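You will see chain A twice below: alongside chain B first, and alongside chain C after that.
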Partner chain A sequence: MALNELKFVIKADNPKTINTEYYHFGVVGSGDMEVIMEKKELDGNAEVKIVTPVRGFDKIWELVVTKFVKENQLGDVFIDINDNNATPVIVHMRLRQALSEINKLATVSQKDIWDNMQEKDFVEATARERAIGLVDEGTFTELAGPKDRISSPHLPVLGEAIGYDDGCVTGVGLIGKKPVFVISQEGRFIGGAVGEVHGAKMVGAFKLALKAYEDIMNEYPDSYEERRPAVVISFETGGVRLHESNAGLLAHAEVMDQIQDCRGKIPVFGVIGSKVGCFGGMGFVAAATDVIIMNEQGRLGLTGPEVIEQEMGKDEFDASDKGLIYRTTGGKHKYIMKDCNFLVEDKVEDFREKVQEVLKQPFEEIEKYRRIGSLKLIEEQAELVELAVDVNPGDARDMWKHIGNETADELPELTVEEFLKAVKIR
Partner chain B sequence: MEIQQGLIGKGREAIGIIADNDTFKENVIEDYSFDPEIGPGAVIGTVNINGEAATIIANDAMAINPKFPVVYFGIIGMEEANKMAMAVYYTIEADKEKPIEEKRPLILVVDTPGNGPGKVEEIIGMNKATGGYQLALAEARKKGHTVIAIVIGRAISGAFLCHGLQADNILSLSKEFQTMIHVMPLTSISRITKLDIERLEELSKVNPVFASGAEFFEKLGGVEEVVKKIEDMPETIIKHINEVREYKKAGQAEKTGPWGRGLLGDQRGGRVTRMSVIEKMNEEYEDVAEKYLKA
Partner chain C sequence: MKFLRLISISKPTIEKEGAKQMAHDKEKVWNKLEIDFKERKKNAEHLVKEGKIVESKDTVALLEAVIKTGDKVNLEGNNQKQADFLAECLCKVNPEKVNDLHMVQSVLSLDSHLDVFEKGIAKKLDYSFSGPQAGRLADFIKEGKLELGAIHTYLELFGRYYMDLTPRVALIAGFEADKDGNIFTGFNTEDTPVIVEATKFKQGVIVAQVDKIVDKVQRVDIPADWVDYVIESPKPFYIEPLFTRDPALITDTQVLMAMMAIKGIYAEYGVQSMNHGIGFFTAAIELLLPTYGEELGLKGKICSYFSLNPHPTMIPAIESGWVKSIHCFGGELGMEEYVKERSDIFFVGEDGSLRSNRAFSQVAGHYAVDMFIGGTLQIDKYGNSSTATANRVAGFGGAPNMGCDAKGRRHSSESWLNCGQECGMQEKAIGDLPRGKKLVVQMQETFKEKMDPTFVDKLDAWKLAENANLPIPPVMIYSDDVTHIVTELGIAYVDKCSDLNEKMAAIRAVAGYTEIGLMADEKETEALRQKGIVKTPEDLGIDVTKANRSMLAAKNIKELVKWSDGLYNPPARFRNW
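Up next is the complex of A and B:
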């Protein structure tokens, strides 16, 4: 049941290679694909490799990629595709987009690209765009990125599409002088779910952040504060990847363990504002971070709406009620409950600026944003649970009212700016 | 496979088997005592093991929590998780001045099918309760306490993450005792992933990465040791307490806990890609580290 691997060697009439050594483009979402284009000595040929779960369409693949290579007269280039059921039209479009991005590299500066990224809606941004955009311009280095072609060894066994980042972008950038280790999850790839490789990348990023902390403490014993590293996780996940569930589960425990290792050393940020939200075991991990930043679209919880409905019935939770879902797990509710520390607008820039702003505070202050991680904090949480017994909220609005929001019904309708002015939090 | 009478749903009975005779003091940890009305699905207290005081944390499958209807049959609710976390913090507090060899062990008796999946739980933020318990256990472990988990029944998904997977070492009764360790039954995996159930069943017989059960978790390095007889539980726990303590005294705590199980997964051949990914990241970081450390 392994994946279908195709290879084509194509000769154009007047081939020329691409004007970059390496370029990666796209996300292996459902009905989508990623491609790496690389300069390679191939006697003027273009070589195309495709890995796809789809069988029986080899001839169509050949037609599509031959058309692309010939119409662009490409040669001495290796085109490496991971596909997940993309239609021929999408394949052709993605290849053209990738090439167009490559051609732009000559005229557009890295700064322009980063500036554009800042203006992007966070909720729409890919994991890689978020990773690059959350740190200072031009500072992000991806670690174990697509170039390394590390993918899940478990997905092909099930005939499932693979991706060269396994749905998790990891790397290091700077915010000011602080090395910031970024973990950014891609919801388009199997819902951002965590398998062996994805989980290992998360753990690897934490390990490096802790190592950087030790190195900086040794190197700058008197001025380490301005260089104190941080970890930023841009969550977009439902938790464990069922296709390799046991490995995914064990990876969750490792990440939790790493967060505890960071205590008293480096701040860990949870940034939640992407489509899938942050659920399942990763809901625990998010809760365990020091600072949580969300947008209105971000959702955080343990059990997703469909699972509650399925387990407890439609009377308990109607998973088709979008308003109910956002009231229960959305950014505004989490802000009212102090489960998120900051609610921001939905641009990549808004998130980056908030991380930057918080990082300017002394570490001891940053640690005060925590919700859990000490007896005192657990006692506070236990009080909140007893309050829930008293209030017995049938809807999150009951809690909002109890906290003192007389006009609870209007809160979901307000803009973020209006909301932040009007709202009373726990 | 010979089916044997197991301990599913019998958390309290298991405490009796693990502890020295009649030493269980429920809801008491040193000078602290707990309100029995709060978090009835979690059983906590102090026992003696091999003549030494230990904190015990177990699930009570027979209890229901009248305040939170999702809590029954061993499910961990918000009250339960907070109570479990407090038990850990009180344990740390009680022994904070003591050297590693005198810090009392924490024994997690695991028989839980899940975390409370309800609306109130999401409104209040159940993820904090169970997340808080995990951090507490990790802290106890890093402060020199020995944390041993033993799966006597069900260790399912997020509930196992919360109650079990933060231990130094994890033991499990073998499958003859109907122990269950998994994320989700295959029927549910099939429904959600739209993968063919026959294919999944076939793979589940050989592939530890998503097959269910203690033996497969052992292969993955997710369980240190499988216990084959109920009467062997006490001595196996004592053996692991001693082993973990030796590591901690020798400054080798990284051989235990989630990271240690990662190493074990590599050694046992169940998770071999994991380490190569981490090594690749280290390698690539080394090439650029200067730029970030000396910005």
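Up next is the complex of A and C:
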């Protein structure tokens, strides 16, 4: 079952190395791969290492990477690939794209790259793009990133593809003077599910944030407010990774613990707007944050639609009815029900600006955005349960109408701007 | 006297013979079909309420009254629209009263379409396409539950409705009917006219299920004279949204291949009229027109006329002013309002609703388009392409009619002439006469999911022919019709090849790391590139690193709605909001 590891040493004519020490590219999604290219003294050879769940195609791998190395005349470079069923042509294309990005480094400024990211649709952005784009330009430093090559110890045993970030990008950047610790989950890697390493990285980011808080309090006793750190989690996950469920579950508990430790010290943001949404145990974790920002594509819940349909039947929940899914778990509904605090447009920039805007508010005000965690809020939630019994909604629209949205049917159709103007929330 | 006697004797004899002959002529009936038709109508007389209306609860009795054992029956199963209520009722007729039916229908897509064989009501089948029932159909053939006549293309089958497969009874579907029998089929007219005309004018019986019986139909698509019975079905007929492709699922590779097709084929030949397949490749092409196409300055030079269903992914190109006209085979769920508001582009009645017509659109797709482009599942080393798998008898639909050179075409166009001029085998066939050629483009990634190669030595169609006792392997598009093959690696301009050997080399050159591609000879490929028979993205001047989803004019369904100014109303399963 173990993963298939291949190694090739290739000699090109007139080889030259790449013009950066290290470059990482790609995501280990289904049918895709990541690659690290590194300068390394190898007697002019290129060394290629591949870890893949696929067997029986070793010869083709050799042909593809040999072709790539030879046509680009690469030498003294180490090419490190984690693959998950990418076809040979995808492999070739990704390698070329990585090299092209490397070659662009000399001419394209970091500012251009960051500007581009701001313009990106949040829902399409990778975890790494989101992490870099959620903080000020040029300030993001990735911690425990692909360079450190920390991958799941459990997946290889099961013959499942690994990734050098384990589907979780962690690091720190700045928004103004505030250090912002970012945790960004990658839905393309096993649906963003939380395994041991993934979870440990989340916890690690929190620990660093809390330490930064202590350090800043000590170092800037008079002006710590403007430097108060924050944690931003960009959720994209279905919760526990079943391949390593015990470790994954434990990680959930530990993250919850960290969020509690942050109370009264640093604000914790949840931003939800990626394809997979935020479900399973991570739905609980999101609920425990101080502020939740969503776009309308974002989804937040506990049990996924397919599981509800499977357990309760199609009459209860038709998982093929995407409109129903979004009306039940999507950003607009969560905003109406006050399960999220802000609804924004779908650009990375919109999310970053909202985090920035909230961070300008006094910490005490930010804490008021919490949706659970006080007696008053518990009472409110209990009233909601009663309300649900009274209204007995067959669809979220019944609830929207009950709250006073006469034209409930039209709400999903509105743009975010129109929606925010028209909507009545509970 | 003797003479006279002779005469007198012989005369009555002659008269007798003549009378016999005349009596025989009187017995020769030339309107048996009409008599039979009237008999059937009489059998069902008691079921008719007002005008031609029969209540839905009496449908099974009606079918038992008007259908006779051994009849050829057309059950309207189209690519999209399904006479599903009549199909279910047909399954409920008593097989002892009605059996041995010969079903002639273009599409088998509902369970009931095969249940009718399982129940012993129908025996023989002639059809065209069987998408979702393809696996079960193969089993039925193997188990002898069904005798297969032939698998056709749409036009072929429609043609046979007027030759040797004329239905005795047709069970059709529409949106509205009045009590006289006028029917509104509107957006999803599809196959109805061609079926009704063949049946009715050969004294057959037409039974229609409609969603609603109204005082006055929105528009008459099928006139009352041609219809015998109308039934308001308990629920609206089923329509399959077959042509909706969510842009969110288009991959970077598909974007790359779409860019190659636009630059290397559409622009190269100046293709103005075409049909697009239903896959993601052509969806990507449609969504690249307002971005990449615009960048290349191609607006007005390509893609003005289409024989095509109302693909939602066409919206951005239409809105950006690329398209002059689209004629549709059928409708597409959710596009009703959009089409209504774009009557300059679509064929729309005065009532504002689309008039689709599969037969006419197929004719346009065969004779009037310069290009057919679409995906496939397998291409063999010779360039024959097939969507057949070993255990599914999926049939053809309309692709082979559009995906072949129209040998009867006599009008010329820039693209048609360009392709004919460079055709490497034409002179061998007809000498030095100038003649054009339709572009038939097959797009396919070299591997499907799970490293399943798409270029193969022998098509799975061979195995299917064996498994389902078919006389020939079902091939979608034969190699002599294919002019271009597009893969992630490049375009093979197989039309330019001067013989089959050269064509095979061109195919190997774009077949990548498949078993076929690995046999490519580097020098041979290089020579083909020199000749312009094979072009890589570099040869075409396409920056591979730019090939990604950000090029798409719409990246998801919601953006299509935005482009349509809210007129496109996608079905529930596609609404991500």
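Throughout what follows, the second predicted complex is superposed on the first by the 426 of 426 C-alpha atoms of A that agree within 3 Å, B and C clash if a C-alpha of one lies under 4 Å from a C-alpha of the other, contacts with A are read in each partner's own complex, and residues count from 1 in each chain.
Definition applied: a contact is a pair of C-beta atoms (placed from the backbone, for glycine too) under 8 Å apart; a residue touches a chain by one contact, two chains touch by 3 or more.
Computed from a prediction, not measured in an experiment: that's the story for all the values here.
Quick one: chain B and chain C on chain A, clash or fit?
Taken together on chain A, chain C would fit alongside chain B, as the superposition shows.
Tell me which partner A:Met217 touches in the superposition: chain B (first), chain C (second), both or neither.
Neither partner.
When both complexes are superposed, which of chain B and chain C contacts more residues belonging to chain A?
For chain A, the partner with the higher number of touched residues is B.
Just chain B (first), just chain C (second), both, or neither: which does A:Val108 touch?
The answer is neither, since A:Val108 touches no partner chain.
Quick one: classify A:Ile425 as touching chain B (first), chain C (second), both or neither.
Neither partner.
Once the two structures are overlaid on A, work out the angle chain B-chain A-chain C from the Cα centres, in steps of 10 degrees.
It works out to roughly 110 degrees.
Using the touch definition from the top, say if A:Val9 reaches chain B (first), chain C (second), both or neither.
After superposition on chain A, A:Val9 lies in contact with neither partner.
With the two structures laid over each other on chain A, which partner does A:Glu311 touch: chain B (first), chain C (second), both, or neither?
first
Rounded to the nearest Å, state the minimum C-alpha distance from chain B to chain C in the superposed three-chain model.
Comparing every C-alpha of chain B with every C-alpha of chain C, the smallest gap is 14 Å.
Identify the overlap between the chain B-contacting and the chain C-contacting residues of chain A.
Residues common to the chain A contacts of chain C and of chain B do not exist here, since the sets are disjoint.
Please output the residues of chain B touching chain A within their complex, sorted ascending.
Contact set of chain B toward chain A: 38, 67, 70, 78-79, 82-83, 85-86, 89-90, 93, 115, 117-132, 134-136, 138-139, 142, 157-158, 160-162, 165-166, 182-184, 189, 192-193, 195, 199, 203, 207-211, 216-217, 220-222, 257-259, 261-262, 265, 271, 273-278, 280-282, 284-285, 288-289, 291-295.
Which stretch or stretches of chain A touch chain B in the complex?
These residues of chain A touch chain B: 1, 141, 143-144, 148, 150, 152-154, 157-158, 160, 170, 172, 174, 176-179, 196-197, 199-201, 203-205, 207-208, 212, 215-216, 219, 227, 239-240, 242-254, 256-257, 259-261, 263, 280-281, 283-288, 300-303, 307-308, 311-312, 316-317, 328-329, 333-334, 337, 339, 371-375, 377-379, 381-382, 384-385, 388-389, 392-396, 399.
Could you pull out which chain A residues touch chain C in their complex?
Contacts found on chain A: 31, 54, 57, 60, 63-64, 85, 87-90, 93, 96-97, 100-101, 120-121, 123-124, 275, 296-297, 320-324, 326, 330, 332, 412-413.
Flag every residue of chain C that touches chain A in the complex, lowest number first.
Chain C residues touching chain A: 248, 252-253, 256, 445-447, 449-451, 487-489, 512-513, 518, 544-545, 549-550, 555-556, 558, 561, 566, 572-577.
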